[in-house]
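In the two assemblies presented below, subunit A is common to both, partnered first by subunit B and then by subunit C.
This part shows the complex of A and B:
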């Protein structure tokens, strides 16, 4: 891939191999991605296996989405950038790695062709688009967009009109797609599963296993690599693991607390933080959660144990993702607006960190 | 007068809840015609605008936003009901500003409390609570509404006492208070007269009847004077229903529960003015039986909640997971229990505050502050709950941030337009 020169990237080039001083912006001493966005990072996504190498895209509240190449030695090279007319809320790759789809507050979604570095609008909603996913089915391919206008629309990128539009009970807050399953979590604790074979249709509405606002969702697969359930994170430090058709729902489905402080100390109140994102390791099936408390944690859902919790960063962690083979874990440190406008400091730098994930996410017990 | 628009109103008459101040007919027409529209109707946009305003507002008078939002809701949803979220909004505004002394006697705030009370099963509790908190105590509307409630429940004595209290506190506007007070007294006396005219055997209490053609015991030793035995309506003077100023007559005190107000009578009969009880916690306001609102469940912070990491998915339904309201100096069960528990053990006294209520949350707020001193484990949400859960719907962090972003955009574009105008006018003047 050639380097696309674009404005606003500052001095790109060599990456920083972690900081030697243990300052709180990078307590885990992970690799800092160069030229991070200028405002809060809303989403991160690594390129699919069809693309050689590792490319990371990140959308931000500075209305831009950036692409970096992550080299094997850990260096990150800024590659290209695209703009929306509003903050970017979500982004995803096509399955062949040639296109990046971005969704924004400006109520549009764009398709960014990386080879030509051109972006064109492919979707339109009546409200900001919160979630965007690429669907690759045997008989069709399309983009799924979930918006705050309470609709879920499916777009063939060649037509300005959606191929399908499904009404939801409430605004889309987060979604995930692993063919043939899609899960959407909405406001007012709504939870809908869609099946995508032949054409997308609503499969089931589920009573939320959580008592608080839904914040993030991620589908996991079984040993046969078929999607079998999802992890749902809420705004109050809890994640629910939910199987679609478990043999024993009462036993198989469970929730666990996370991103809380003062666990054993009963004299001070326990602080509860929002779970901002969940990602599953593509190989091990273990999961990572990142929260408002500025920590990330790794969990083994089958052994029901925590594998690791990081040190606390000085900012919330807003997004995370694994690369296609699970060797790299990327997480973004920026303000998630959890405390409203007063705590926003536009001068504070935002970071994306990369961590070697091959060892730490190995499951606890081999079944 | 049957124009196209008017006919519509006529057809839905029974669906329109009356408002005390009446409805603007234009708003009514608009509301009725737009009820059918889809999600992007004007109504939804207006509502969204209010919801954002609630969260973004930076000024000194946040009550104003709530007030306008609620008034708009009333006008726009004539049939009331769940869709309007009116009750949710009333609860929220009432709870939110309960600590703000500056609003306690703001007529808008007091009106909102009154609307809220009217939507509760026990408005009297609400009014009493208001009094102890000092909300509305210098507003005539408060006493008027409170007295109305007593009157509706048939307790005209209390209704009158409320007015007296209001007069004592010099509630404003004073003449309105007097006017309503007089109207109450007129109603009461008319009521009494009507009651007496009806068949008295229906009455629970015995009305002293003047026995006709009976021997009257004469009074007086020297001269036999026919005793005066006036009962019922004859006691009162006929003019305008104002009470008689005479000394109490025999038997009047054992009259029906409508005790005739007499200014000069010492108020030994009946309870004195409402005691300013020390309310540790306000009373229940509503029984919300079928509404499941997750946010409120977890607002409930009580020692019962497991603190050792057990996954408590949902509290067992049998035990109340919140502290039942305990009024100081009184036994825990406060709802009137007409069934003697020793006799009938089937029905136990209904525990108060069974469901989450907004006043319940107020109570928890007070109690939480006490609990933190007692060292019980608390949980603290590290996000701006108030901002998210404000208004009738919830927001997520991103929506909050997006609202501010859009507001800034609008502001900036307005600035631009202004600048352009300035430039244009500047160039013209040159």
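This part shows the complex of A and C:
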């Protein structure tokens, strides 16, 4: 009777969270994760398939990283927490699920051993670390950190010195890794693809398909499960789908608008919101975007169509992720600073919601 | 392995064309007919929503991309719309027309940018290189600056800096919208003679003039891209002193109606973020010196039973020398109490393993304290018989 099974989304059992009918903090009536962080959530990550069950990691601007167990019936159990001395910007799991890596504005990255509940520093930059990813190659394993100090560094977690340090043209704003490919998007519309075989090296610098600031990036895979391109989101309510080596770039690469206010009323300009995060469904290959407008949307990039858009939450959605089998979609509702400090309310509660993703993310056309 | 990731099928020239090819096509999937798809987008008008509209009022709506043809209409059909044809990357045609087109595109984009409420501190480009006069700061960078400044108590510097950036943005957008001949000429020369490209190792904006530089400099590649964000170098030099009392950002910033700044900005926030040591003092070498900033309120390692299901064989224990998994009963430590995480700064020595139900955290938010209790904490001494049972708010601790 898994609430997250593909047999259907059971809303029963979530009544304990008591969301009222017209509750704009959770208009989708999704499951609320208990004990959410006290400040905006910057990142979410589910445990890899090597761990039985589902464990969710969330980093926040309250300097902490929290771990919850997500049980099959939808209950969430707080498990543990680690601290940095600055806001946490990103987190990821090792492939065996025993470690969580966290990156912070305190310019360090830590390795959190979940069994011993101990964390130790494994990386150091000259500026806040914005992106952290675990790389598992046949001949090496390491952590990749991208920082506002314009470097991309690789660490083997046992040495205080990086295995490799690559210079970037600008501050790292977001990154993604699907071996053997890594993509980093930087300030000033920088876009670099790295290849990770044997050792990381820069593969290609790409002219940005977007006109404005890069905000989030996610790699997608082809039918053979090999990384073949990426989706790039900007602050201008737009996502670009870009294949690395498509047969026909002019046709295969495209952009689409998203996270904008009502467009049918053409007499008034529409509001345009930032795309805060993009996640690809691990099974279906469809994608989710979450935005400053407080909505999430599901898309089929092959059919080039939208699958669903949520109701509007009363806060931006700052992060999202799927669990390893794609049954659960987690998204965080908290302030993303998109309107500056005046709209920051430290008292406002932050949320993480869980939604059954098995059905809604199915591709539109069976090919 | 990846199909031809290591083959450079496209050389740089073709790469350029690749970019330019974007958005020239009206894409209609043959299988998709109007109306055969899922619910239309449920965007609602944002006239009254909480976030309001940022940015200036600006000119009228200008040309709306999605007002044109139905293929581009975002809301009526569940279709992706590409960058519409007249914008961006079309490089075909005569040079003269071409230039005009480019400038038109810029004008339109500026109008849209101004009225859309989108993030202002963003670079902009309708070609390969970013247009001068715009700085690229992510919301996170600004937010970090706010948090760092707040810790020092004087937010006015931050506010002034943001306001300055904002007015620089506004005037640049205005220039580009109006596009007088001087601007036009400068723009054209910039567009047609781009600065050295990415391949040479930079995206052009490497000046570190920092904040406080006044006029946009068209000759160079634009504003200083800020040096790596560190608390020290991120200086919002306040040009003038007075905006009123510090901590109260009274100047309109264009982000919408300014909410009154809380007089105690840290009150509800607890003590969780004290980013003072952002300049890293962290001794890297010895993990042992790493303070176990673990929320050890959760107890020792043995309490961390990672195996959720009945089969307690955790499988992690062996290679990492962890203690034997404790019986499932230990999971009751976490239980269902709403304060499962407690507060964010738990001194290592305190309350090891004792997450009592009554005191879910080390500190109480002010909202949870009765007026009497609050007064007790505020007073110089506790009054016997009236000492609160709940812990004090974090901001009332005198260190």
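One rule holds in what follows: the second predicted complex is superposed on the first by the 348 of 367 C-alpha atoms of A that agree within 3 Å, B and C clash if a C-alpha of one lies under 4 Å from a C-alpha of the other, contacts with A are read in each partner's own complex, and residues count from 1 in each chain.
Rule of thumb we're sticking to: contacts are C-beta pairs under 8 Å (C-beta built on N, C-alpha and C of every residue); 3 or more make two chains touch, one makes a residue touch a chain.
Bear in mind the structure is a predicted one, so any value in this text is a computation, not a measurement.
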When subunit B and subunit C are modelled together on subunit A, clash or fit: clash
Subunit B versus subunit C as contact partner of A:187, first or second or both or neither: both
Partner, of subunit C and subunit B, that touches more residues belonging to subunit A: C
First (subunit B), second (subunit C), both or neither touched by A:349: neither
First (subunit B), second (subunit C), both or neither touched by A:235: both
Partner chain(s) touched by A:120 [first = subunit B, second = subunit C, both, neither]: second
Subunit B versus subunit C as contact partner of A:336, first or second or both or neither: both
First (subunit B), second (subunit C), both or neither touched by A:52: second
From 21-29, 57-65, 111-119 or 183-191, the subunit B stretch with C-alpha clashes against subunit C: 57-65
Shared subunit A contacts, counted only where both subunit B and subunit C touch the same residue: 42, 61, 86-87, 89, 105, 126, 128, 130, 148-150, 171, 173, 187-189, 208-209, 211-213, 215, 235-236, 254-257, 263, 266-267, 269-274, 293, 336-341
Complex contact set, residues of subunit A against subunit B: 42, 61, 86-87, 89, 105, 126, 128, 130, 148-150, 171, 173, 187-189, 208-213, 215, 235-236, 254-257, 263, 266-267, 269-274, 292-293, 336-341
Subunit A partner contacts - residues on subunit B that touch it in the complex: 39-40, 294-295, 297-298, 307, 309, 311, 313-314, 372, 375, 377-384, 387-388, 393-394, 396-402, 404-406
